[in-house]
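Heads up: the structure comes next, in structure tokens.
Going by the order they are written in, the chains are A, B and C; count residues from 1 in each one.
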Amino acid sequence: MNNLPANRYFSADPAQQRVAMALYQTVAALPLICPHGHVDPRLFADPHYQFGSPAELLLIPDHYIFRMLYAQGMRMEALAVPRQDGGGVQSDHRQAWQLFAEHFYLFRGTPTGIWLRDELANVFGITDKLNEHNAQAIYDEIDAKLKTPAFQPRRLFDTFRIEVLCTTDAATDTLAHHQAIRDSGWHGRILPTFRPDAVVNLDTENWREHINALSQVSGVDVVDYKTFMQALAQRRAYFKEMGARATDHAALTAFTTQLSDHAADAILQRALRGESRGDDAAQFTGHMLLQMARMSVEDGLVMQLHVGAYRNHNELVFERFGRDMGADIPIATEFTQGLRPLLNQFGNDPNFTLILFNLDETTYARELAPLAGHYPAVKLGPPWWFHDSLNGMRRYFDQVMETAGIYNTAGFNDDTRAYPSIPARHDVWRRAAADWVAGLVVRHLVDEEDGAEMVRALAYDLAKQAYNL
Amino acid sequence: MNNLPANRYFSADPAQQRVAMALYQTVAALPLICPHGHVDPRLFADPHYQFGSPAELLLIPDHYIFRMLYAQGMRMEALAVPRQDGGGVQSDHRQAWQLFAEHFYLFRGTPTGIWLRDELANVFGITDKLNEHNAQAIYDEIDAKLKTPAFQPRRLFDTFRIEVLCTTDAATDTLAHHQAIRDSGWHGRILPTFRPDAVVNLDTENWREHINALSQVSGVDVVDYKTFMQALAQRRAYFKEMGARATDHAALTAFTTQLSDHAADAILQRALRGESRGDDAAQFTGHMLLQMARMSVEDGLVMQLHVGAYRNHNELVFERFGRDMGADIPIATEFTQGLRPLLNQFGNDPNFTLILFNLDETTYARELAPLAGHYPAVKLGPPWWFHDSLNGMRRYFDQVMETAGIYNTAGFNDDTRAYPSIPARHDVWRRAAADWVAGLVVRHLVDEEDGAEMVRALAYDLAKQAYNL
Amino acid sequence: MNNLPANRYFSADPAQQRVAMALYQTVAALPLICPHGHVDPRLFADPHYQFGSPAELLLIPDHYIFRMLYAQGMRMEALAVPRQDGGGVQSDHRQAWQLFAEHFYLFRGTPTGIWLRDELANVFGITDKLNEHNAQAIYDEIDAKLKTPAFQPRRLFDTFRIEVLCTTDAATDTLAHHQAIRDSGWHGRILPTFRPDAVVNLDTENWREHINALSQVSGVDVVDYKTFMQALAQRRAYFKEMGARATDHAALTAFTTQLSDHAADAILQRALRGESRGDDAAQFTGHMLLQMARMSVEDGLVMQLHVGAYRNHNELVFERFGRDMGADIPIATEFTQGLRPLLNQFGNDPNFTLILFNLDETTYARELAPLAGHYPAVKLGPPWWFHDSLNGMRRYFDQVMETAGIYNTAGFNDDTRAYPSIPARHDVWRRAAADWVAGLVVRHLVDEEDGAEMVRALAYDLAKQAYNL
């Protein structure tokens, strides 16, 4: 189906490569467990959903791609990225695609480059290297395929061998698309995930509107801390009823704290009056992380925590294009002291699972692996975002596993909104895991029998277990 | 004697492996220099000391092992780890061992896993992989051996080819066991190390009792800063008389400062009255590090500094089980500004050696190597604790040596309280060092002649020289 | 010409080595682009300039070398390093050289070691390993060569195939040597670089004298913020007229801020009165970085920023020997929040280029690559100082390129004051780049065609483009 080298991404050493290939082949065809990601559930609600143009599918929504082109001086308008301030953008998707194709060389050596190559080859059967000359022909070929039933999302779900796919949904979401999927009787397992950031982080833009939406959807009029917590409890219960296995929380830092109900209420009341001050937002987020942990102990939802992205770093881009435009930049992160209040309350609880994600790799060996290698509740998520790459994975394996062991990690998730890239992303992980374990085997740290069990755990079992899927 | 692969832990590349093996063979049989560790001197005081059960030897005292089992949901009580609050624990060591054996797979790819494997094979002649089926048979085999004279500590000292072993002893220790070893006329070199943390760090639990003990053992009634310093001077002199070559200091940070005697006295007086406040403890520790350096310049004891462990992170575990229970978690560490007061006073002194240990690998290339590559007094200790592993060593070599050179490092120490693991730990280091140097040789950074001298220095000479052994 | 192994510094793996060699050979003979360094322009002003003794050329001015010898207990005086406080030093350069040669083994595995070896072999034709026995013979050989015309700087410029070499010059420099080079009609391209640190950083030693010099050389009497900015504008214009392509700025941190003119003036006035207080210097530097960016947008000079060296850490050495004595130690660095004010004003400007240099490698993947992979203005400079080494380059490639792509980096610069080491330094980079790209090729991340273009970009094109050379 493709002409990609079968041994791609493995070590060049012949002995290690041989072992890696053998290990990889035992897991290459396993179903995909997708416990965390950002695919839109709407894709599955309509049985006959069709993707738009190739640019709408592959270029316009993918900030991994257009941030790189922007960094090299292309305007995002020329790439047909929509402005939210009414400014005009390129309306001809073929021209946007052409511009992308002319600069595809910028992605040499990047994960985006290899995901795209693998995706073009394995999903669309296109094996030529994208460039300025073949841009339009490739556009035609993708476009034609997208119009066939085989490329509808539900059909691809089976083609991709996805066993389960979890979406990420605002606390205020009605889960109408999830309900529609259920009602349709389709066999695909699409589960929601509870993400309350927009109501919990007081400095979210338009926070008041999110609170109003929370009142409406929960049926609890949020007027103080008590009603806020009641509304959240209602939503968690509903998400759980709709199949959710987990919650997800993003915070700038891993700071956690236990405020008194009175203090939490005072902060929330100030926010409701539009009078937040000082570190209200940081204190409240830190407090709410601890409350969310408490609720997870009670309702059994796995708690995910994503820490360390300074969002919307570029004001100009934020004003013109809004959020998630490739302008989020990581900061240094501290876990040992920040998480201590939360872990001292719930870290020893056998009913609690806290999965940590992080953009500061220095914490892998220093803080995260020691925490995961001690606290029963803590597991480490796979390398996230900028680190979801071959080198990122190798650093993760090398820096986490000696101290945490693989069994205190949560396997892989693709964390993507780019649905057709899912197989390529899992394949990169499976190859990287096989190659890493092969390195242990050829250096005689583990034998081949143990190695095979480790690769299977990394490729499939650990994610399924960590999220109770 | 064992069936472990002879080329274990070397690079898979045939050329590098060949050179690594040749280099390793030149140092594999060299005596072991053990300048820092936590073996109990009592083992050597009684000529016929016998170890207890296999679980008492290998499982119950080893927080590297039970922390991992705890992280995976096993109760420490079930592992026969004693509670200090009177709570009951498993009294059948065979059952605790069985639980450990059933979960031995958790240690795949970890240093604990390979130390145990090497130790079982090379010390006890057991080459089967520990599992739930052979757990009791292996227990029997170890148990039987432990009852033979060949497995008494003094006999193992020779079997292990230990040239010298330094223990770590509280400033308040009478060194009675060391005296007994001396009095016995045994040839083994067991030397004490002066560790005053419990009296110097004001926030030590039961600090007042340690001070009382210091008064008693030193014969100096500690009532103020002046008498405190006199008592410490007395103890240092006694330790030196008893053969000590070094002191050891643990601190959360590398902060150092010079207080006036008056200010130091005020802080100490507050502590003696139980009225410590604010950052008294941090200021006093920072000041005392500088005083200890001053004393080292005078008495020639090498100063070791271990920085960056947040001790007893888990309150529940601390209350039930006490210190050193696998719940110490590293934090980010700063050396450049923190050590400057100390180094500006003593860093240029040819009579002073300061050996730095650290849990934050980001400081290797950024701060520690540049400091060691400039100040005559500074040497870097080997990778510590969580980083005493194959990857930890590789990162250390790769990140330290280009700037510091190997001759500003202090070779290896095993830092262990697990006596029978000592040969395995030194062997891992010697293999890692040989493989790293082999990498330099095959890439022609150094020639084989230089490579051989480097490996010998790393395996033996540097530790001996750094500690004046 | 030399007997250095042709495949030195490449991976030991035969397949990767083969590809690396093939890639390297396509760039090995390309001219050298030297956009940033510290070679003294005086070397080229006099057509017949001759170097002094071998010690004066290779040992005495090179803090990479004497810091290592100092760390091992040699006195800098014995190495003939001049004291600035009038203290006596070794006057016999042969004896200083002898001491160096006896300890040349200290440089095993260090970049200084391989630069020296390559330089001795390729520039001076000396292939014996320097040691105590051959020290004087090698001294003689170098000394004799230095007295021949072929070893005059202008001749070496051609021998080294340097295409362009940028110096680094104080804002107060008259550029008289640059003028002399121009006037001489020589074909060599030697360009100045505008470095205003000594007037911009208020805590520079003798800052007031630098301000006086600025007044004098610019013809603008600096009495307040307005005249200060006028004087700087005058100097920038003059440097540009003299061929400068870039400015260079060193700061302890990457903090930037926009002060009002009034606030900036108040700080400057306090400094002029010798009454600076609190964080005046940090605020002013942060403000001036932003002003320098504004001026770069206007005049097109590329802005270089070098962050994170704690200068003159060792007071004793500073008092005796002055600046740049191997006693600068890096600190942890933050870019994401620090640079935000500057980037929000100028980071989207297509006329602005900001090249970042850094001594804290943890920022590569976490902050620098994401910034460079988003902001049009940001490019990353090559690994700097302690990290200008084979491992440093490998970490840079592995940690930067996946997120930034190679095209948001600025290629290589040698940053050296050691003129004859320039070819060796570029050669190490070209080999390291070829080997890294070869690793991508053999693992099939990129094909050989792309690989060849990448290596050429890294070896030559990127530096030329980034600095508009």
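One rule holds in what follows: a contact is a pair of C-beta atoms (placed from the backbone, for glycine too) under 8 Å apart; a residue touches a chain by one contact, two chains touch by 3 or more.
Remember, predicted model here, so these are calculated numbers, not experimental data.
Following the contact convention of this document, C is the list of chains adjacent to both chain A and chain B. Where chain A touches chain C, under half of the residue numbers in use are shared by the two copies, so each contributes mostly different positions. Chain A and chain C have Cα centroids lying 40 Å from one another.
The set of chain A residues that touch two or more partner chains comprises 11, 13, 332, 362. The touching residues of chain B, counted against chain C in their complex, run 11, 13, 15-16, 332, 334, 336-337, 340, 343-344, 347-348, 350, 362, 365-367, 369-376, 378, 398-399, 401-408, 437, 439-440, 442-447, 450, 453-454. Within the complex, the chain C residues that touch chain B are 4-5, 7-14, 67-68, 70-73, 105-111, 113-114, 129, 310, 313-317, 326-332, 359-362, 386-387, 389-392.
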